[in-house]
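Only one structure is covered here, and it is reproduced in the block below.
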Amino acid sequence: MMLLVRQIVAPAVMALAATTAIAQDKPEWATSKWGDDDQIGAANLMTPERVLDAVGLVTDGKVYSLGMIVGADTPAFPPRTLSVTVLQPNQVSNSGLGSNKFTYNDDIFMGWLGIGPQIDGLGHAGIDHVYYRGLTDADFAKASGLTELGLEKLPGLVGRGVLIDMAKFYGVDMVEEGTAYTADDIKAAAEQQGVELREGDVVLFNSNWMDLLDGADPDPLRFGSAEPGVGVSGAEYLAEIGVMAVGADTWGMEVVPAEEEGVAFRAHQIFQPQNGIYILENLDTRALADDGVHEFLFVLGQARIKGAVQMIINPIAIR
Amino acid sequence: MMLLVRQIVAPAVMALAATTAIAQDKPEWATSKWGDDDQIGAANLMTPERVLDAVGLVTDGKVYSLGMIVGADTPAFPPRTLSVTVLQPNQVSNSGLGSNKFTYNDDIFMGWLGIGPQIDGLGHAGIDHVYYRGLTDADFAKASGLTELGLEKLPGLVGRGVLIDMAKFYGVDMVEEGTAYTADDIKAAAEQQGVELREGDVVLFNSNWMDLLDGADPDPLRFGSAEPGVGVSGAEYLAEIGVMAVGADTWGMEVVPAEEEGVAFRAHQIFQPQNGIYILENLDTRALADDGVHEFLFVLGQARIKGAVQMIINPIAIR
Amino acid sequence: MMLLVRQIVAPAVMALAATTAIAQDKPEWATSKWGDDDQIGAANLMTPERVLDAVGLVTDGKVYSLGMIVGADTPAFPPRTLSVTVLQPNQVSNSGLGSNKFTYNDDIFMGWLGIGPQIDGLGHAGIDHVYYRGLTDADFAKASGLTELGLEKLPGLVGRGVLIDMAKFYGVDMVEEGTAYTADDIKAAAEQQGVELREGDVVLFNSNWMDLLDGADPDPLRFGSAEPGVGVSGAEYLAEIGVMAVGADTWGMEVVPAEEEGVAFRAHQIFQPQNGIYILENLDTRALADDGVHEFLFVLGQARIKGAVQMIINPIAIR
Amino acid sequence: MMLLVRQIVAPAVMALAATTAIAQDKPEWATSKWGDDDQIGAANLMTPERVLDAVGLVTDGKVYSLGMIVGADTPAFPPRTLSVTVLQPNQVSNSGLGSNKFTYNDDIFMGWLGIGPQIDGLGHAGIDHVYYRGLTDADFAKASGLTELGLEKLPGLVGRGVLIDMAKFYGVDMVEEGTAYTADDIKAAAEQQGVELREGDVVLFNSNWMDLLDGADPDPLRFGSAEPGVGVSGAEYLAEIGVMAVGADTWGMEVVPAEEEGVAFRAHQIFQPQNGIYILENLDTRALADDGVHEFLFVLGQARIKGAVQMIINPIAIR
């Protein structure tokens, strides 16, 4: 009964919070095409027709697991960390539960959800504290969890996956950090690779950047210090097409350092607050690229944890 | 540099650990048909042929999100708990990063991975401290994570999903706790519902038990105290068929209390240590049942966290 | 080596943060009498002379443990929670380390440090994001820990403890919520109880409020909803005297609801940002009050965790 | 109300646990001189007379903070880790609570309690899963917290502190790893330093080992790999005297590697399960040693967290 109490400590004091919130005019860009109460943005594009079309891309039954393996040593944006602890609750000097001696391992996770392969929910990225639909932190980003745009609202992402192999396009083993995928580059690469970008797509970019983690000559420091990725014109182009999600094999999806000095994660802002598009990071796209796969069925079912902003994921590609 | 040190504190002492491990003969049941080094058990059944067949079941492009929403108030096996905290690192009295004012929400998870919709990896359930392939705790269940059978080894589960609606079979709105799905019941229900069980299937059972959480008359206490589910003969039958995974819309998948007094989670033991079959819990199968869907494409991509035993999941069904 | 990398991910991006911090004039009240670089505020008053005087108050050798017992069911300001998990790392099916069979229990804490008996470090309470010495959040309150005013800077608090028994003063078994200890009340109570307040004191107030947690008729909901405590004039009076710390047997030390409608934790602001005085909460002062002890040696050694704002404590009183 | 439910999930199953506990005869050494229900062992020696005597040792009013500063980079016994995160709940784009604009920093701790300066409660060290008073893991070491011997049972430790400076005794700047403090060494060092060891004392050993962390030439790797410390005869001698606690300026208090090959932490076993004596680790005793202080008032008030095994501490010495 005590646990319940925690929810009501100092209710009168807590109620004061809203009175001093800073009023902000809703910026023009903050109107969602999916309505004032929308919770899932571009996931509204996940229609049965598009899903059927994507299923139709499967030809071989080959499954690709796009989530890189993540652990305590995975480079992460500071101060993010994670740890997993395995334990055997109450079983240390006995044979477990019941006459059938049921023993079991359990595990505890302590850490941040934005590590390794991850989805950025629509509550992640903002412009000066204004988020998708013009929501401000005070509106929805409560310490106990997002009250809007939480990842529990998203059923998952199923659709046509498109892989654009930028390493192949640039003719390199691995794309260099600071290389911005411009609108022109993306168009040219898609054309080179015989694939068309469409509304509702999940577009993934391959750079072989993950070779820095597990390749012949690992350099995690370089991996984490910068990266190639989507540039501003590229982001605007993808938003114009109306894709559902954009992913990459880097920790931040977009080019770092940014094309313009002093700018940070501008593509995140174009995708999320301004267009309701999901971002997927640290996806291992190398097997798809190696197989020359450019279209596939993309299926992501992220854990639906109430109020969560991000989630560690493992999207499945099937071709 | 200090962080590195933590890994090597007292190496000489740590090295003593193995010398006192209790030797155990490998039980006869502990030989895996997939070999002595196998890490993924029945997921070996995930062949391109079976995946293609499963993809062929999609007729409408309708997507079902099977992961129930999970939060701090989700009933859990004690002492499991979880919490999510949303924060805005270093942004409280500024406009974030860069001239473009990049602000963002992040989140921290503290808790157990075996809460809500979950996959039990093959390192979860054992018989008197002996697990799949005859591994003992001392062999693989380290405090810092499983060294074998961790969920990072599993690429995901893709295959033919089969839903058996036990509520429909028994002719009730919700199946009562203590109801064991016997081999005969499962066969009869499958026949009634026109669906055949095959090797490599992901078999899900619907009981409408989740109505106790979000139905007209919620009773979470009853939800957590017991449950209907797979019985011993039912488990043996499914193992004989050679299914890949068994799931249900209850917290423990199998019948509680058990059919025989003093027995605990016997079906878990039949599936996991004895047959390498995955267990899926707390899946919301009601929408599939309501639509009368009995065959579908099942896609699960669980987060591949190194050393993890269980994982909160959201499998996707497509028909 | 990977762990090290985490510290340097995206250094160029992180460096952008400071450029957009909002400039703020340092308020007049924000000048500390202990200098511009001071880290410990009123703990500067902990001189050998005062310590010797406090030691001189010990007459009987009786020890009082002022830290209430704290657990997962302790009422807390939302969304604060805590949990403790006990485990036996790597010992489940063996006899531990070495030929001498060393086995051991360990424990994990997940949660907030501001629960139960606690010290509020000088980085805790602010006025519109301005803290002690005029520091703003951007200056020192980093997500990875306070860079100034962290509790690791404080060696501890040792001094003359004074107990003022407000229940006795008001002639009640337990002081009612909403009762503000005014300057006049505090003076009168001190006089009634024959104790003088002096610079450098640790002043504790007893209300018997904890009877709501463990008394004959527990009411944790009432405990957490409001409380008696220090009022604004009381806080100003104590600050004027120049006490080192103020503590109470309530979750928030000061009166809730506040004396003036729409005001929250004003005494916290008077003590911390404006005067560098420490706050101690949820101290069980009942045994001191029962024994009629009004002066004693007060010794607090809080764990010195780098960057921590608050800490769960157990101060010791000796008379 | 849901939170309550968590406590009762599967009660019938949980009740099965005890039935398969392995019966063990209580070893002869496991009889406590403080009775079959004792919870605090040698802390029973904390009598008013001894406390008064200890207070009488204070001559100068000088305060020593013995808890070393602990953070994410503090070397720890694997897999122990810790992190602190500072956040400003619900304040990111507003001015906090109330018309007085109350803003505040809070902090979250994720990690193990056995890091840095710590007290080992009597539930920490065992001999083949048997602990103080003959308790086995199954008796008291529940995953949700110790049901006996938890640190909430201990009011604190107050008594006569004795510092034995082993660096001075051996005539070295820093004592080498592997140096065992034998009974003879301890007697001789005490005699050299003019201090007598008595029943109920808190005995601390100084080796200057912490110079490896913050000295001119830091070597945290060496710090964590081994250490000087109490040897077996030394531990037996201290237990025979009947001290209340033994502490040191090393991570494990006792000599590593052990005097006898293949032995691990034998002094822990002599102190804790066999004699109910508390162990204190990672105490920074250098300032006491530098000042030539050998007797002092020792005051430890550890946080009283229900069910906790260990706790991060900051004992205060006053002379």
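Should a chain be cited, it is by its letter among A, B, C and D, assigned in written order, with residues numbered from 1 in that chain.
Keep this in mind: contacts are C-beta pairs under 8 Å (C-beta built on N, C-alpha and C of every residue); 3 or more make two chains touch, one makes a residue touch a chain.
The model shown is predicted, which means the values in this text are computed figures rather than measured ones.
Peer 1: Name the chain whose C-alpha centroid is most distant from the C-alpha centroid of subunit C.
Peer 2: B
Peer 1: What angle of turn lays subunit B on top of subunit C when you fit their CA atoms, given in steps of 5 degrees?
Peer 2: A turn of 180 degrees brings the C-alpha atoms of subunit B onto subunit C.
Peer 1: Please report how many Å separate the Cα centroid of subunit B from that of subunit C, as a whole number.
Peer 2: 43
Peer 1: What whole-number Å value describes the gap between the mean CA coordinates of subunit B and subunit D?
Peer 2: That gives a centre separation of 40 Å.
Peer 1: Roughly how far is subunit C from subunit D, going centre to centre by Cα mean, in whole Å?
Peer 2: Whole-Å distance between the two chain centres: 23.
Peer 1: Mark out which residues of subunit C touch at least two other chains, giving numbers and ranges.
Peer 2: 1, 3, 13-14, 16, 19, 72, 79-81, 85, 87-89, 91-92, 95-99, 101, 108, 110-111, 129, 137, 141-144, 262, 264-265
Peer 1: Which word fits the touch map of the chains here: line, ring, star, complete or other?
Peer 2: Chain contacts: complete, every pair touches.
Peer 1: Any idea which subunit A residues touch subunit B in the complex?
Peer 2: 46-53, 55, 58, 60-63, 65-72, 79-80, 82, 84-89, 91, 95-114, 116-117, 123-129, 131, 137, 141-146, 152, 155-156, 158, 258, 262-266, 268-269, 297, 299-316, 318
Peer 1: State the interface residues of subunit A toward subunit C in the complex, per the touch definition above.
Peer 2: 1-3, 5-14, 16, 19, 72-81, 85, 87-89, 91-92, 108, 110, 142-144, 220-221, 223-226, 251-252, 256-257, 262, 264-265
Peer 1: Please give the residue numbers of subunit A that touch subunit D in the complex, ascending.
Peer 2: These residues of subunit A touch subunit D: 1, 3-4, 6-7, 13-14, 16-17, 19-22, 24, 72, 79, 81, 83, 85, 87, 89-90, 92-99, 101, 110-111, 129, 136-138, 141-143.
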